Amino acid sequence: MSKPLISALAQFAAATAGRNMTKAAYVAVIVGVLSMVLLTDNRAREARGWVDALLWTCLAYFVFEWLVRLRHMARSGRLALYMSSSAGIVDAIGALAVPAALLLGVEPKTAWLLSVLWVLKVVPGIPGLRQLRRVLVLESGPLVSVLVIFLMVVFLASVAEYFLERDVQPQTFGSVPHALWWAVVTLTTTGYGDVVPVTPLGRVVAALVMISGLGVFGLWTGILATGFAAETRRDNFLKTWESVSKVPFFATLGPAAIADVTHMLRTIELPARTTIIRKGAQGDCMYFIAAGEVEVDLPGKKVQLGEGAFFGEMALLGNNKRGANVSTTKVSRLLVLDLVDFRVLMARHPDLAETIDAEAKRRALENK
Amino acid sequence: MSKPLISALAQFAAATAGRNMTKAAYVAVIVGVLSMVLLTDNRAREARGWVDALLWTCLAYFVFEWLVRLRHMARSGRLALYMSSSAGIVDAIGALAVPAALLLGVEPKTAWLLSVLWVLKVVPGIPGLRQLRRVLVLESGPLVSVLVIFLMVVFLASVAEYFLERDVQPQTFGSVPHALWWAVVTLTTTGYGDVVPVTPLGRVVAALVMISGLGVFGLWTGILATGFAAETRRDNFLKTWESVSKVPFFATLGPAAIADVTHMLRTIELPARTTIIRKGAQGDCMYFIAAGEVEVDLPGKKVQLGEGAFFGEMALLGNNKRGANVSTTKVSRLLVLDLVDFRVLMARHPDLAETIDAEAKRRALENK
Amino acid sequence: MSKPLISALAQFAAATAGRNMTKAAYVAVIVGVLSMVLLTDNRAREARGWVDALLWTCLAYFVFEWLVRLRHMARSGRLALYMSSSAGIVDAIGALAVPAALLLGVEPKTAWLLSVLWVLKVVPGIPGLRQLRRVLVLESGPLVSVLVIFLMVVFLASVAEYFLERDVQPQTFGSVPHALWWAVVTLTTTGYGDVVPVTPLGRVVAALVMISGLGVFGLWTGILATGFAAETRRDNFLKTWESVSKVPFFATLGPAAIADVTHMLRTIELPARTTIIRKGAQGDCMYFIAAGEVEVDLPGKKVQLGEGAFFGEMALLGNNKRGANVSTTKVSRLLVLDLVDFRVLMARHPDLAETIDAEAKRRALENK
Amino acid sequence: MSKPLISALAQFAAATAGRNMTKAAYVAVIVGVLSMVLLTDNRAREARGWVDALLWTCLAYFVFEWLVRLRHMARSGRLALYMSSSAGIVDAIGALAVPAALLLGVEPKTAWLLSVLWVLKVVPGIPGLRQLRRVLVLESGPLVSVLVIFLMVVFLASVAEYFLERDVQPQTFGSVPHALWWAVVTLTTTGYGDVVPVTPLGRVVAALVMISGLGVFGLWTGILATGFAAETRRDNFLKTWESVSKVPFFATLGPAAIADVTHMLRTIELPARTTIIRKGAQGDCMYFIAAGEVEVDLPGKKVQLGEGAFFGEMALLGNNKRGANVSTTKVSRLLVLDLVDFRVLMARHPDLAETIDAEAKRRALENK
């Protein structure tokens, strides 16, 4: 191959090796899965050639990605770790499943179905998945109980229904497995309507099952909601914690105060050139800069504020019309302090409030 | 046109120009959309003439409204801003969509369908929409994860189902797109029943999908519930905050106390001549007047209370039968303090409690 | 009529007049409605005579009840108030609806259908209905927004679906009203399956509608959950508040402490001769007697404890096996203090904890 | 029988007698119920012999279990108590239901259906069931109201629907019972589609019912979520409470502090040889050992930590990369303190924080 191409590939490989999901990977997953879907659709028969091409390309990419990673890991001596990690397994499946099936002489149209497993590659990229998993783990106890109750109701109901309906509709309620199918469809309130009780008693049982369905739903959601509330609080604290310690402004505070403050702040990540405050808008929070830089667009001059600085405090000191446009100049992480929390903070740590007050006054004079 | 008519129109235009939704606009939306609905219904064929008339009237109104606003904005030099704002775009669509379609020679019955877009005009008028949007934004992270998980389940399940059912029911599971349709219908627990697995294994997969459906539901709701709780607290604080500062009674308090109090108060807006307290009723809260005026209907005389005054405090000082009727004389904004919070307040800010106590005693004597 | 019968009736009337729902009324509602249901069922044709008899009896009872109340209210000069109250209107409907229909020559079977309105009489008797209503009122803002959004989605989706499906299935999607029906059935995830899109695009729109359905669900529930949490806290405080003040034991506390304590206690109402504590059971809470009396079944002797006394405190002082059976001797209202809250209480109000401690020691000695 | 067999049986009996669910019991329940399910399935006809054998074996086991327990209880003089307890009744049913049916000459295939009752044996083994029950009890008030409202809507809607649809579809809406079936299916949003209104008015009523369905759902869930949040907090406190008192480290604290700490800790039970901390991982919590022992795998040497010791504190003192692998050596109960709570604790109880700090420093030096 020509030199430039090789170097380009090398570069691409390097990019691929490290990160978990490159843009290319996302594209490949989406294109690949959609082509697989088209492949099975007869209306797309004439486009068959293109679809095949796309599928092979995606497959090639994933094989390439996998090999690059294997090499990368082998070099950094983490090969075993990688291959036993979920990511490693998913990569391997993504690269080998389809070829393996084709080699084993599975009919192509069927073999390509395995390419749906590529969606698994997206998992590590899902935002806040860790959070969801934690909730499920912490609440697993009650969730399992609900599941067990769910199954008990399903079994009891289906046997009862089978007993009541088998003679009237031997086709649909001819055996307990059939009745089980009905029970699940009903208890989840899906209600296909392919299997429906017709005897009065059978319908009474069904009604009870449906109402229990609501109950199961309710418990399930209640549990998750509770777990989620706790997790959110915790997660937000962790996110904010590091940032706070980076803001010199808070350094003066004791650990107690910092813990307090951290609970009150909310972290937001912003790309460059994003408007944070629009002049004249209603303001109900102030911002601290944990990382990055913002530009305050004052009449006549533009002021840059860097890490550790704060702005938008006017809104919290009586005047709640924003006085100037503020926007980021580079990627920035900001800590948001809502009015509601500012008042509480003010109460608990007057010194902090005074600092803000003083600074605000100073700026007001300056901008006179 | 005759003078009076013109002036009336001018007046009407003025009213229209400013506010976002006039009563007329609401009427036009409802009438317009309903007529459009009727238009497609054959049973209403004989009323066709009337329906057309109504549709044209509504359209005329929206065109008029749009022109008036354009003129108004142009005059106040906010034309560009308005035309790029969502409200401006909605107005434009409302005024131009249908005529454009008709001019392009689209069959009238079809062209008029576009008048359904008029419902978008209601959006800015929806109460608490801002709040909903904020919740969705703040919780977007987890919500997106749930959505991604939802899609992954849909794809994996539909391919599995297609593989298991395609031979048995080529009509309904003949391709993955068909199976996808089934998966969405099932995972949302909608369950039309037009596509239903019949093979034992297919039904097992379906059962798992339905149960995941409950899970998705639960997570989704849990996330929103959490976000909503936080948002409500915040929103209520902001609403109350301004009012509190307007009540001289609280002015004596330090910022800490004010923050406290604000958390405890609930703001309610009342029209004129509304009864707030009915004599003899069970009382469990007291009221502060942030704006407006109320009238206490004491035996013999009527007492007016204006901004900053409070009433209903007896209920919180042991005697919880209301002693007199109280009703607003003009539109008023009241701050409600529940018994539960009053006790806490009493504990944290004895001075405040004493003031209330003293005032209560004074009144008791007075009304002897 | 014979004297005793009259006096009995008078007595019965007296009972009826005052209370909102007598046992008799409940029976009448249930019997009446069920008979009405039977009346329409052909399988119950032979029992027709009995059913009619029952219906007439119930009707007679409700008429009687209504007249008695009218008389009662007239005497106590609250006639107008009663007749304009919801209870009064419901009573009137219950008594007059069916006869009116019969007099107007409506076919009996149809006229009797009106007796379903009798169920409305149950409303005032529903426990915690007040609480539910309050939640709905306080959260009405966001709930209405969700409803409006719901309707907007319904209209937009149904027009889109009508446009996409009308040519393929003129029967089911022949007009927007038909499509509206489909949209509601889908967005509520009910999914009858009588109207189902078949075109690819139509199904994509439908999928979006279903997912929005989950969203609507989630928001709705989230809002109600939030409102409910707040309301429960408030409601419980009010219930407990009165009781606490009645327990001399807490009288020594200042208002601050009382507010604290009230937040921690839970009120429970118990009938006579109910076992509260079973010897040897795991104990994690103590009880204060707000009203009534309990009997502690100690080895050898039985000790009565009356209003203001407490028991079960051992569980909170290290030893969490219950030492004796405790049961109510008369209808009692108890305040429950959980271990979790006891520790906090102990921390905030040592004096209180000491009193309990001392009393516990005294008893321990005594029962040696 | 041969001696060893007898002794083995005796041993097995002993094991069975005491515990509520032995592994054997779980197996028997699952095997038994599944065989019963198979029994009704014609596809499994040829395996009939095996299925029967399995069923009889399970039955034999349950009879054996029941007798053993009866004997055990009789000996410890708790026979009456056991037989009246729910567990006792379930055991009796499990042992007697099927034989009784067979003796009464019920056709075997039907008689064996009763073996589904064996699933009830699982109930006491469900984790966190107590917790669920408590929530249902505490929230019973509102839950019942929702249920009553549910029933009222069902009755009113079904009568209305019956009145509107009976002439058009006498088959499906021929009587109120039929309409009731429709109402339940609709209000629970199950929507089989076997009974569907077709008249315009009928569909409007149905739409309202569906929307109320969402409401019922929402309320139901909201109530349960609220109850659950309260219960979780309480339950966790109780679980942790005992452990805390067992950790000498906390003994120095006053009751107030202990209550505080207990609220912050989370208990986790771990089997032996489980890795708790993986070197290099992100750390956001520290651990206290309430029971058991862990091994810290330091470079060069392995350090054992026993009851009362703590580890992982580095993560909370700035450095949040884990420094070493830590795993349990025996079954252990650990108390987890999250970073978020550690900061608060540090603030409220500086002394405690110092102890941890000091210990951390000591270790750091040691491991130099």
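Annotations
Lettered A, B, C and D in written order, each chain numbered from 1.
The rule is simple: contacts are C-beta pairs under 8 Å (C-beta built on N, C-alpha and C of every residue); 3 or more make two chains touch, one makes a residue touch a chain.
Each chain and its UniProt protein: A, B, C, D = pH-gated potassium channel KcsA.
Here the structure is a predicted model, which means the values were calculated and not measured.
A rotation of 90 degrees, rounded to the nearest 5, superposes the Cα atoms of chain B on chain C. Of the two chain pairs shown, A-D and A-C, the one joined by more C-beta contacts is A-D. Per-chain Cα centroids separate chain A from chain D by 27 Å. Rounded to whole angstrom, the centroid-to-centroid distance between chain A and chain C, based on C-alpha atoms, equals 39 Å. With touch defined as above, residues shared between interfaces to two or more other chains in chain B number as follows: 177, 189-193, 217, 221-223, 225-226, 229.
Those residues of chain C whose C-beta lies close enough to touch chain A in the complex are 189-193, 221-222, 225. Taken together, the chain B residues at the contact with chain A in this complex read 138, 141-142, 144-146, 148-149, 151-152, 155-156, 159, 162-163, 174-177, 180, 186, 189-193, 196, 200, 203, 206-207, 210-211, 213-215, 217-219, 221-223, 225-226, 229, 233-234, 237-238, 241, 254-260, 262-263. Looking at the complex, you find that chain A touches chain B at residues 33, 36-37, 40-42, 110, 113, 116-117, 119-120, 122-123, 126-129, 131-132, 135, 147, 150, 177, 181, 184-185, 188-194, 216-217, 220-221, 223-229, 232, 266, 284, 338-340, 343-344, 346-348, 353.
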